[in-house]
Amino acid sequence: MLLQMRQITKTYGNLTANSNVDFSLRQGEIHALVGENGAGKTTLMRILYGMEQPTAGDILLNGKEVAFSNPTDAIRHRIGMVHQHFMLFPSFTVAENIVIGNEPKSGLKFDRKKAVKQVEALCAQYRLPIDPNKKVADIPLGMQQRVEILKVLYQGADVIILDEPTGVLTPLEAKELLVIMRNLANQGKSFIIITHKLHEVMEIADRVTVLRDGKVTGELDAGATNVEELSKLMVGRDLLPTNKSDVRLGETVLQVKDVSIMGGKGKPVLDKVSFHVKAGEIVGIAGISGNGQSELIQAISGLQFIDHGEIRLLGDNLKGRSVREIRDIGLSHVPEDRYQWGAAKEGTVLENGTMGHHRTTSRKGFLQGKELRQMVDGFIQQFQIKAGSQDAKVKYLSGGNLQKLIVAREIAQKQPFLIAAEPTRGVDIGAMELIHEELLRKRDEQGAILLVSSELTEILKLSDRIIVMYEGRIAGEISAENATEEQISLWMAGGVSHA
Amino acid sequence: MLKSRFPISAWVQPLLAVIIGLIGGAIAISLIGGSVIDTYAQMWKGAFGNFFFITNTLTRATPLILVGLGVSIAFRAGFFNMGSEGQMILGALSSAMIAIYLPGPALFKLLAAILGGIIAGGIWSAFAGWLDAKFRMNLIITTLLMNYIAALFAGYMVAYPFKDKTGSAALAQTMMIEKGVWLPKLFQGMSIHGGFIIAIALAVLLYLFVKYTVAGYEIRMLGYNPLFAGYGGVNRGKVMLASMFASGGFAGLAGAIEVLGMQYRYTDGMITNPGYAWSGIMATLLSGAHPLGTAIAAVLLAALQTGGMGVERNTSIPLEISSVIQSLLILFVTAKFSYTLWKRRKGGKGDAASS
Amino acid sequence: KTDTAAPAAEATKAATAKSDKKVILITPEKIGLNPFFAQEDEGVKKAGQEFGITVKTVESTDASAIEQNLRAAVADNYDLIITSSFESEDALKKVAAENPKKSFAIIDTVVDLPNVRSVVFREHEASYLLGAAAGLATKKNVVGMVAALDIPLIKKYTVGFQEGLKATNPNAKFIVNYVGSFTDPAKAKELALTQFSQGADFIAAASAVGDLGVFEAAKEKGFFTSGQDIDRTVTDPQHIVLSQLKGTDAVAYQTVKDFVNGSFKFGSVDYGLKEDGVGLTFVTKDSKSTLSPFIGQDVVTKVKAIRDDIVSGKVKVENPVK
Amino acid sequence: MQHLLDVSLFSSMIRMVAPILLAALGGAICSRVGLFNVGLEGFVLVGAFSAIVGNFYTGNVWAAVLIAVAVTMLFSLIFAYISIHLQANVIVVGISFNFLALGLTAFSLRAIFHVKGAFYDKNMIGLPKWDIPFIKDIPVVGDIISGHSPLVYLAFILVFVLQYFLFKSVLGFRLVAVGENPVASKSIGIKVNRMQYLAVLICGVLCGLAGAQLSLGQVTMFTEGMTAGRGFIALVATMLGQANPIGVMASSLLFGLMDAFSIRLQGFSLPTHFTQMLPYVVTLLAMLFFRRSNYLADAQKANGSSR
């Protein structure tokens, strides 16, 4: 056994994030760590990486007991971690991001030329091509993920921890990553991967450890289990397949006509986009992220000006309307990036749950504190959000739990129109089911939903109509019955439309 | 679990800090051969020794509270207003001019002078906000620079066109305001005046405003994360102008009240020399921009100052050392002792982003 | 801070009886920044020593502290409360009016109350003499002055000087620059250097602590300068050739002495050239240092004549701050 | 009018700017690691005072400069300890340090030299003025550039040294990284605290030099509060130059030029108060060109991203 974590317990105050967890890793294996949101996966891995100290328990590496008081210790023992949240320096170049901490020097000078060479060599060695001179801020998320992995490889890690690495990747990028992992494992590297996508687990993992409420509920060989068993171990119950009722279309709620937004480099980021969403339907927007979806969402919700065209919500022209006015007309919005747009980390659960309800749940300019508290309590109950209390700061919530809070908040606005951008990003399968059910219920109640997702399965499962975006244009549109994964993938990759 | 941790550090921490601050001060005192106990006794006496000294301390706290409240509004909205000094100066100057030159009954003049002070301070501050919103000029720099401009402008006004030509006429100051327009003193023969009541009332109102109103909520969210606020329909530009206006308005009010309640005229340097603005900013930061906390911190800072004066009057400790003790106390009061110690004991590390 | 005189040692001197009176001096600023207050402090302390009474000096940190200190002094039962300067005017007006039984004195400004003795100086008369001397002595017909701030108070120095200069040398060019602070010798020095580069051979210093910077510039570049309040020529008689004098210490001493002797009167006392309260080195008072040839005995004689004219009323120097 | 622009204007500007520039560079290093140091004024004052003490007791001006640097470093170490280790609000610490420095120097003036207000001594020799060979013979340029104290030259050399340090050296790279993203820096094992200590200590060195230039270069004396607001101007220069040494130099020079210029404008019938405003107003206008980054970008950086 390469690595063993024995009887690890970690408490934060009176919250137990890990309770007597045993975990082991073999040389050259890919070990998946799965579990509900807040089950304690990230915490366990942060302990292994020296970012947290366990309250009890010990770690054995090659049979020898080790203690990591900070990441440097872990790195020295050839353990590397790719975090759930990027740990990159956006204004630095790719090469700088990879070599930082162990920079090539000539004298006191940071030899950037050599860094670029080393990174190029590294890329070649592991067959992970990337332009080392680009600024990280300018490269797509998939590439940023690659930078993180290269960074760990550069540090010489033999044990590589990946915390939800495919969370923001496109299906294609995710597939690529899995291939890379398998290659590296064959070269002797060992992986721990945290993911909520059980099909990925089945595809890549050799072994699986399941956590629930900070305890291990199972350690299995991947070959000897299936998605159903895993999800039962995770959630503690069977998951019911979601049923989708027939569409009952109402009037047009959102009308987008010839909308264009000019980008910085003369190339439009949105190019004459037209579509509509009717009451009672879910329109899914598929596409590799970075093809104009973000701009489209922001334009509709009033966060970005459009250069050309017209957007109407319930017949109202949104030109020149503020976010607030648009929300008053009838918009609710699950944003694609929960930390940037969706939440105030320093705010409490209550404060974050209040946004958007603060004007409606008020009297004469005063917030109705009691009602708001009850409402947020409702969110917590309904979505089983694990939060210490309503007054806990949101920054202490696990990613998935925050996502649930945001979805709950926006659905509760009860607006005729909902933008749901990556609504299940980072949430566990149980919560995903719940969110999907809620979205479908909203549709059945004659709500209009624009679903933007990089998860093709999600798009196919929920949408009544699917639009594919490519380079700021609509590459194709197809109804759910006629949609096939192949067709959509082709459009997403820029293939010619024959619709 | 977060709940259970909070009250411990909330009480232990400032207490410990004060104790360590006092020990630090004691070292300074004994280094120069003073009596520690006597010095602290005099300090306490100078600040809270009897009713007279208590009111003295509260008088001194009045402008600090108001300035601190102003800074805290902007701070809550995410803007660092370092321009309280200039805003206070313009507020003081305008209210003095209104009180002197506006015709009409006394009460009307008093109200107009207060309002004038608020508006002058508010506009000066909102102008900096506008420069930020419109031209992306860094608010910290603009507000800092505008302090100098305001001070020089006010200095010119009272050295030349509106100089007091009665009396010795040697100081750059306006004429004295007629007695009817003065803010009433609360007690005969004591310096405390109506401004203190205004300051405390505003601290409570601001606390209620920030905590319970829709606008207060929007301001807080903007301060936490402007993107989140924008997404939720908060207009950053508008809230910025409004909160900067309010912030400067409070500073302007502080200036007006210092004129109408204490000095009864605007004198060049009356705002800058006592360092009201800096103390106000400190009060805000010490309290984490909590309005009631700001008021308490302001009283604490004022007590350190009046206590220092007591030390100066009644011991052989030189004036300079009492200012050293003051700054030492402040330094340690801000330090997070218990928290750090707690962390050490736990062996835990900082609160890096958790997911 | 409390200086109680040792009566035994002083006993021989004590023509005046030992007294149990308590006198307090409250300065409106910290003493450190201003020789004016330091002199007051000295004067009061000297009187305390000589007459065997308790004297105490309290420095105020800022304007609002003055009133507090005055009130505290009343509460502590001091028999005579001395303060000074315009900054204390308002505070004293309030406190003295509220305590009509107490005795107060204020130096350098007038507070018109029955229980206050006010002492004022006519500095502009001395400035006039200094300007006159500069006008006579300058070889290049360019004279400079580095002043602290552009405020009315300083006009007593700048305007008086300019009048004197015009009187003796109407063709001379006069350059004034303001430091913008009382405590910035580095900037004051730069200003002096600038004025020197503009041709000034005499540059008067009137910038409080900044004066030291002007003196340094004079030493470096070899031009001539003058000091304020006390005889500054002693530090560098080669370059600091004159000093405008103000007898603050004597006035403070006299005030306490009168009080102890019972000859203390309320009301306003005025000190100018006539009363010898202000003056100019070499002209109204001799100096330990030797007269610089740049000034020369000739100039001193001429300025002495101007002094006599002012004393006799033949020449009138207007107070520029009125 | 011929006096509006002349050689002594520029040479005076270079001298006057040196302490501001040195302090501003110190501020820039601090702000690079995310510490907004409003205590520059106090740091410089301590430097100025200890330089004079050193000069008086050693009689050697170079030893004095070293002592100024050492004492200010010690002072900055306390600053670092309280703001980094004890996690006190760095702005409050800065403001208190300004008061502390003012009180401490005034008190020490009394304790060490038994004087109030100011200390100078005829026997004390200030920093020498260096003439630069060749350059000093060039007509106008020579008069402007040559004949300053070594610390003036050092200030300008340090601009480029620091530029190199921050953007070319390994240590500087990590220092910048800490300011850019402390969490990420920590995650790869960079000692965030250590980097912050380093930055504050460098700031101490620079402010010590600034103080020495003020009390031994510009004049040879110490007076209470002789920094007279230079620390705050340095703070503005730090921010205006966006914590970039060359930018900091440009903004310091701009301010210095306007300050020198405003002296010349005195006496041209404009009230002094308005001429004194000139440097502040021009600096404000200059901000139109040195704009800060969009708040959106700042907010995005501050809030990280959810993947």
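Labels for the chains are A, B, C and D, by order of writing; each one numbers its residues from 1.
The rule we apply is simple: contacts are C-beta pairs under 8 Å (C-beta built on N, C-alpha and C of every residue); 3 or more make two chains touch, one makes a residue touch a chain.
Chain-to-protein mapping (UniProt): A = ABC transporter ATP-binding protein; B, D = ABC transporter permease.
Remember, it's a predicted structure, so these values are computed and weren't measured experimentally.
K.L.:
Over the chains that touch one another, what is the least number of steps taking subunit A to subunit D?
P.N.:
The fewest steps needed to get from subunit A to subunit D is 1.
K.L.:
Could you find the chain whose CA centre sits the greatest distance from that of subunit D?
P.N.:
Here the answer is chain A, farthest from subunit D.
K.L.:
Measuring centre to centre with CA averages, how many angstrom lie between subunit C and subunit D?
P.N.:
Those two chain centres are 36 Å apart.
K.L.:
Return the distance between the CA-based centres of subunit A and subunit B, expressed in whole Å.
P.N.:
44
K.L.:
Can you work out the whole-Å distance between the CA centroids of subunit B and subunit D?
P.N.:
Roughly 27 Å separates the two chain centres.
K.L.:
Note the residues in subunit A that touch 2 or more other chains, in rising order.
P.N.:
Residue numbers touching two or more other chains: 51, 70, 84-85, 340, 342, 345, 399.
K.L.:
On subunit D, where are the residues touching two or more other chains?
P.N.:
Residues 106, 183, 186-187, 271, 273, 276, 299-300, 303-304 of subunit D touch two or more partner chains.
K.L.:
If I count partner chains per residue in subunit C, which residues reach a count of at least 2?
P.N.:
30, 150
K.L.:
What topology does the chain touch graph have (line, ring, star, complete, other)?
P.N.:
Contact pattern: none of line, ring, star or complete.
K.L.:
Following the definition at the start, I'd like every touching pair of chains, please.
P.N.:
The list of touching pairs comes to A-B, A-D, B-C, B-D, C-D.
K.L.:
For subunit A, which residues are in contact with subunit D within the complex?
P.N.:
Contact set of subunit A toward subunit D: 51, 70-72, 75, 81, 83-92, 96, 100-101, 103, 105, 108-110, 141, 151, 155, 164, 167-168, 337-340, 342, 345, 399, 402-403, 425-426.
K.L.:
Going by the contact rule at the top, pick out the subunit B residues touching subunit D in the complex.
P.N.:
32, 131, 135-138, 140-142, 144-146, 148-149, 152-153, 155-156, 159-160, 225-227, 236, 275, 278, 281-282, 285-286, 318, 320-324, 326-328, 330-332, 334-337, 339-340, 350, 352-353
K.L.:
Can you tell me which positions in subunit C touch subunit B when the two form their complex?
P.N.:
Residue list for subunit C touching subunit B: 1-2, 30, 58-65, 67-69, 71-72, 75-76, 86-87, 89-90, 98, 109-110, 120, 149-153, 156, 321-322.
K.L.:
Note which residues of subunit A are touching subunit B in the complex, please.
P.N.:
Subunit A reaches subunit B through residues 12-15, 42-43, 51-53, 70, 84-85, 163, 301, 303, 322-324, 326-327, 333, 335, 340-347, 351, 354-356, 358-359, 362, 365-367, 369, 388-389, 391-393, 395-396, 398-399.
K.L.:
What part of subunit D is in contact with subunit B in the complex they form?
P.N.:
So the residues of subunit D in touch with subunit B come to 82, 85-89, 91-93, 95-100, 102-104, 106-107, 110-111, 183, 186-187, 232, 235-236, 239-240, 271, 273-274, 276-277, 280-281, 283-284, 287-288, 291-296, 299-300, 302-304.
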